[in-house]
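Read through the structures below before going on.
In what comes next, chain A is part of two complexes: it sits with chain B in the first one and with chain C in the second one.
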Partner chain A sequence: MHILRKYKWAILVFVGPTLVLYTYFVMVSIFSTLYYSLTTWDAISKPIFVGFRNYVEAFSNPDFAIVLRNTFVGLALSLLFQVSFGLIFAYLIYRTLRGFRLYRALVFLPVVLSQAAVAMMFTLVFNSDVGPINEILRLIGLEPLTRNWLSDKEVVFYTVLTPMIYQYIGLYVVILLAGMQSISEEIIESARIDGAGSFRVFFNIVIPMQLDIIFICIVMITTGMFKAFEHSYIMTWGGPGVRSAFLGVYMYFKAFVHAQYGRASTIAMVILVAALIITMLFRKIVQRFSY
Partner chain B sequence: MRHTTPDLLQDRSSIVKQRIGVFFRQLTLAIWCFTTLYPVVWVVLNAFRDNKQIYGNPFAFPNPAIFRNFPKAFSGVHLLTTLTNSIIYGVVTVIVTMLLAAMAAFYLSKIARGSSLYVYFIIGIMIPIQAILIPLFINMRNMHLLNTRLGIIIVYVVINLSMSIFILTGFMKNGIPNDLIEAAVIDGCGPLEVFFRIVLPMSQAGIATAGTLVFLGVWNEFLFALTMLAAPGLRTLNLSVYMLRGPYSTDQGLMAAGVVILITPVILMYIVFQEQVVKGLTAGAIKG
Partner chain C sequence: MGNYRKKGLLIGIAVFLMIGIVLPVAAGGQKEGAAPVTIRFAHMWQDGASEDATKSVAILKQVEAANPGMKLVHEVVTGDEMRNKIRVDVAANNAPDMWQFWVGGVLADYVAKGILLDIDNFLAKSKKVKKEDISKSAWDSCTFDGVVRAFPRNISVGIFAANAEIFKKYSWAYPKSWAEFLALGKKFDAQGVASSNIGSKGGNPSHFWYGDLVCQYEAGVTGTATIGKTLNFRQRPFIKAAEYCDEMRAAGLFPKDVMANGDWAPSIAYYDQGNVAFCYTFAWCFANMSEEIIQKTEIIPIPKLPDGERDTSKFIQGTTNDAYCINAKSFEDPKKQGYLVALMDAVAFDIGLMESQIGSIVSVNNNVMKQVKLDQIADKMMVKTLKYRLANNVSGSPMIWQELPSNKLQFDYQAALDELWAGAITPAEYIDKVQKSCDEYKASK
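Showing the complex of A and B:
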């Protein structure tokens, strides 16, 4: 506002401290990570510059391939379930007058819990001796499907992914619900008068008008998956091997367990770049289809 | 249906259809809410069962209800210390972050609108914390701030700045009329007076939203606590409950009680400040 512009010192007082903290601890740190990613370093002696060797090594490492695949399969399944369930349940709640607030409050509950708490909960739920999952399978006669959910390398990835998807469906329901409430009643009413049923309204009006909000959800799910840590770390330590590890967990082990800070920084850069690229890619796709 | 007009009688089948629709909607939502809450309820029930009961029927109610898991968990997580730590980190982080972010947001929304600094600050929202984890850790180590309250609070402040500035700038842009500020300036107020006398008091709702988000974020934070707080006396509640899950621990009741201790304060907060909490946690995605 021009009237306050004359106070040139205002930028120093109001933005100065934040600018210094943010620049030093966030922005400079990213460049430090980039530099470390080009070195071999144990965080004690001096970093040795090795160029892109860490990157070459990472992409030829079978463990990294598994972790990368976990991350992308996890992302695909999260997008599939969280967006579709988010849309369906948001629409169901949106069309419901009685219990609207109660349903919204209940489905959002897991979102406020810490990821560590949810991971602990599911460690107990999936426990093969005392958890209800195996017991339910036995009760409905599917005994052969019972597993050691937390250690069987065929299923452990899905075991860890389950709470990751479960915990945040409610978040996307509430976000999409808020979007639906902003659609004007008139549009939906006139469509109904023209004879459109709930399904038609859902697919032809609600979804097209929600594309920008769906895009926000996609970005949140994507960045969430690339920094995923707690569920996998707490439930299985990413194991057996790296069977249930995600990039965030893999990076943590490289740095803080194996003291390979250079290689860990390489993984961190992969996380950063992948998150940024996928975010921008989805933005392009959504822009093409929205009107 | 006694007073239906002939006109509406024709639509009887569609009314029946609508009723069936309502029934199935309610049923689906009820089943889904049950599924969502079941793991939480099941763990809470387990906290009141001893190992003998836990290894029996997993669906049974605690019979009799056992309470000894809780004293064990209280001492296991050093409740007094870790709860105090979590509250200190949360409250101090919220105060510092809100002050810094509100000042920056005031500048970006009222003094230099459209400043490219805004974009610079907002980029931080897209950056995964792993991208800065190692340099932050090294920095803190070199400054001798590892294993200190100050160190972890600095980290929590800087990782929450971007989102708080984003929320507060948006809030101030629309929530505080420019006329009011202009009038104050004409009356002789400088930027500092305008900020502390007008902007800050009028931003309460925005600060409550951002503050809730930041507090819950700190309360639930795990990765930095895990890497930066090795000293038992400095750990957060979140971290120490995780530590109940020792590699060889088979005390399921103890773990369940730990989870209950950890989630009770957040659930209470959610029940009391529901609108505020929902608003805070969805603030990045929903405008207004």
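Showing the complex of A and C:
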């Protein structure tokens, strides 16, 4: 505290501009959104205060329930696949003797592609008339598994989720790999000397020591899923209906297509609160188990 | 001393930072009397994207060159995104001076807000366009409470066509009745031929096809024309059309993947591959059809529904489709008015004539169309289409989408069609969904 008091002007000078920008662009935006979520507003006429009506209507709307379910299921599957595959690939690359940089670059390649390009590509891949997926399934004698991947209401959600999960596995590989490289080699050598095999080292040393990094990945996956937009919008427009829509897409339609900015703000607030709760929940879990 | 130096350094950095932020802001903006008048025009012509777009931009540049006091700012947004852009701009009190838009219900909010110019004010000053050049029905599509609020641009020109080569190969006849149409589904499947390109993504092109079935009933035509007022979707033609669409789906007459092959570009690309029997599309897709497929394409009437009442060879979906809007406030600015008149004259006449000659649109301006020679239209599919329309006296029937009075209603209608096409909901559920949206709109008014 003494140091803070001593250098308070210096702190203000250097932190001040950022604080001003953060307050204006983030905090003011959040409180404005909160206000608009309590109004009916089409962005052309003046907002009309309606209290919590937007929230009641959102949570009693069956479409919103579908979108909420899609987002949470998508989050669960993303956490499952992106974290687990991220850890496995990161560990394999970490333990590799040759080609470390090459593997890391290859794994990271999909991340640098534009989401729109990946979505377009997967739209063609999953096209049941001309795409390769159904053709390959037929060739290997699995014709019963062919589907209308982008139209069948049973599978369209998973079809849209696939490129979303695939594209960013590489990002978490690189993050986790960086974390693994900070593990002292002596710890692993000691474990090996004590007879620990690769599996024991991975589960009993690497993962516990990476919990803080894993938490960062969880936060990134959570915020990413709540902002998910491009793949769903480009591949299927969130459809049929809202069967492959996520909260981000639904919010976009409410704001820019339905011209219901009040309801869109409501969804934005739901996204904010849900993301905060999930982040805090995982923080508590990780804190319990980390070293 | 050391502390004072540090404090002085800190204060100096802070002052430098402040100057660095304030100076560019103060230096920005136009000095009065020095710079040209900026006119912002939001349009869909991406230079280089197509012949039509490139030539349109070239004409706009000529307008700018002919008016050295004007600086024309192009705000290019293609497709349905223009709807979003204009709404956001208006919300930010930053509407463009002029923009390309659609007719009908999409204009209602802007009319209510008083943003759109009374087009008679422009016509009074125009050197190239007169009111009598354009038909009353075209003006009516842009008229609200007796005042014309947008300048109509073109009529939507659609076709239902067959790949003649496929039909000749398998010795199939073009279907005239609905039963013949449905029976073709199995034949197509047996030969590995794709049935049609009538997919549905965001309601395209499905909402046009659905409207064509609705308008096979006399009550469907009047029901469509008045849907904006009645908001009653539980009318027999709408219900029957939904049931017939579901029959088509069950018979395999839609693409297998209606979403992947829905929307305009994917649906025409699908047909262009050459293994699709039927094509249903509109003039804005003609440029994407290869010469090879155009030669194989034969326009035919839509098969008649079992209880259909109207001759399907005489009509197809399509009335006035697009329009240009002028910002009323911009027009009232004496500095901008002259330039807006010059710009609108060029857009409404010169670009309209060029586009009609290329074949990318059919202008609503009769004076323009008189100067267009049919056989000299560059787009061969448009030539075929116009010849067919003239030979059969084809007229346009009203469009449900256009008559719906709000963006949300339009979206809900289109989204429900996606679900109907995909078989995710039944025809009864489709009608319920759209009716529910109509009821919510009614309750909100």
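Operating definition for what follows: the second predicted complex is superposed on the first by the 269 of 291 C-alpha atoms of A that agree within 3 Å, B and C clash if a C-alpha of one lies under 4 Å from a C-alpha of the other, contacts with A are read in each partner's own complex, and residues count from 1 in each chain.
We take it that a contact is a pair of C-beta atoms (placed from the backbone, for glycine too) under 8 Å apart; a residue touches a chain by one contact, two chains touch by 3 or more.
From a predicted model like this one, the values you see are computed outputs, not experimental measurements.
Once the complexes are laid over each other on chain A, chain B and chain C cannot both fit and instead clash.
Of the two partner chains, chain C is the only one touched by A:Thr236; chain B is not.
Touched residues of chain A were counted for both chain B and chain C, and B has more of them.
Applying the stated contact rule after C-alpha superposition, one finds that A:Ser128 touches chain C and leaves chain B untouched. Of the two partner chains placed by the overlay, neither chain B nor chain C lies in contact with A:Ile277.
By the touch criterion defined above, A:Leu142 reaches neither chain B nor chain C. Of the two partner chains, chain B and chain C are each touched by A:Phe256. By the touch criterion defined above, A:Pro17 reaches both chain B and chain C. When the two structures are aligned on the shared chain, A:Leu80 is found in touch with neither chain B nor chain C. Of the two partner chains, chain C is the only one that A:Ser45 touches; chain B does not reach it. Once the two complexes are laid over each other on the shared chain, residue contacts for A:Val56 go to neither chain B nor chain C. None of the stretches 74-82, 146-154 or 380-388 of chain C clash with chain B in the superposition except 74-82. Of the residues of chain A, those at positions 10, 13, 17, 43, 123, 127, 129-131, 256, 261 touch chain B in one of the two structures and chain C in the other. Contact residues on chain A toward chain B in their complex (touch as defined above): 1, 3-5, 7, 10-11, 13-15, 17-19, 21-22, 25-26, 28-30, 32-33, 36, 43, 89, 92-93, 95-96, 98-99, 103-117, 120-125, 127, 129-132, 135, 166, 169-171, 174-175, 178-179, 198, 213, 216-217, 220, 223, 226-227, 229-230, 234, 247-248, 251-252, 255-256, 261, 264-265, 267-269, 271-272, 275-276, 279. Considering their complex, residues 21-22, 25-26, 28-29, 32-33, 36-37, 39-40, 42-43, 46, 54-55, 57-59, 100-101, 103-104, 106-108, 110-113, 117, 121, 124, 126-139, 154-155, 157-159, 161-162, 165, 178, 181-182, 185-186, 190-192, 194-195, 216, 219-223, 227, 238-239, 241-242, 245, 252, 255-256, 258-259, 262-263, 266-267, 269-270, 274, 277-278, 281-282, 284-286 of chain B touch chain A. Per the touch definition, chain C reaches chain A in the complex via residues 6-7, 10, 13-14, 17, 21, 83-84, 87-88, 90-91, 109-110, 112-113, 115, 194, 201-202, 255-261, 270, 273, 406-408, 411, 415-416, 418-419, 421-425. Remark: chain A residues 9-10, 13, 17, 42-45, 123, 126-131, 148-153, 156, 235-237, 239-243, 253, 256-261 touch chain C in the complex.
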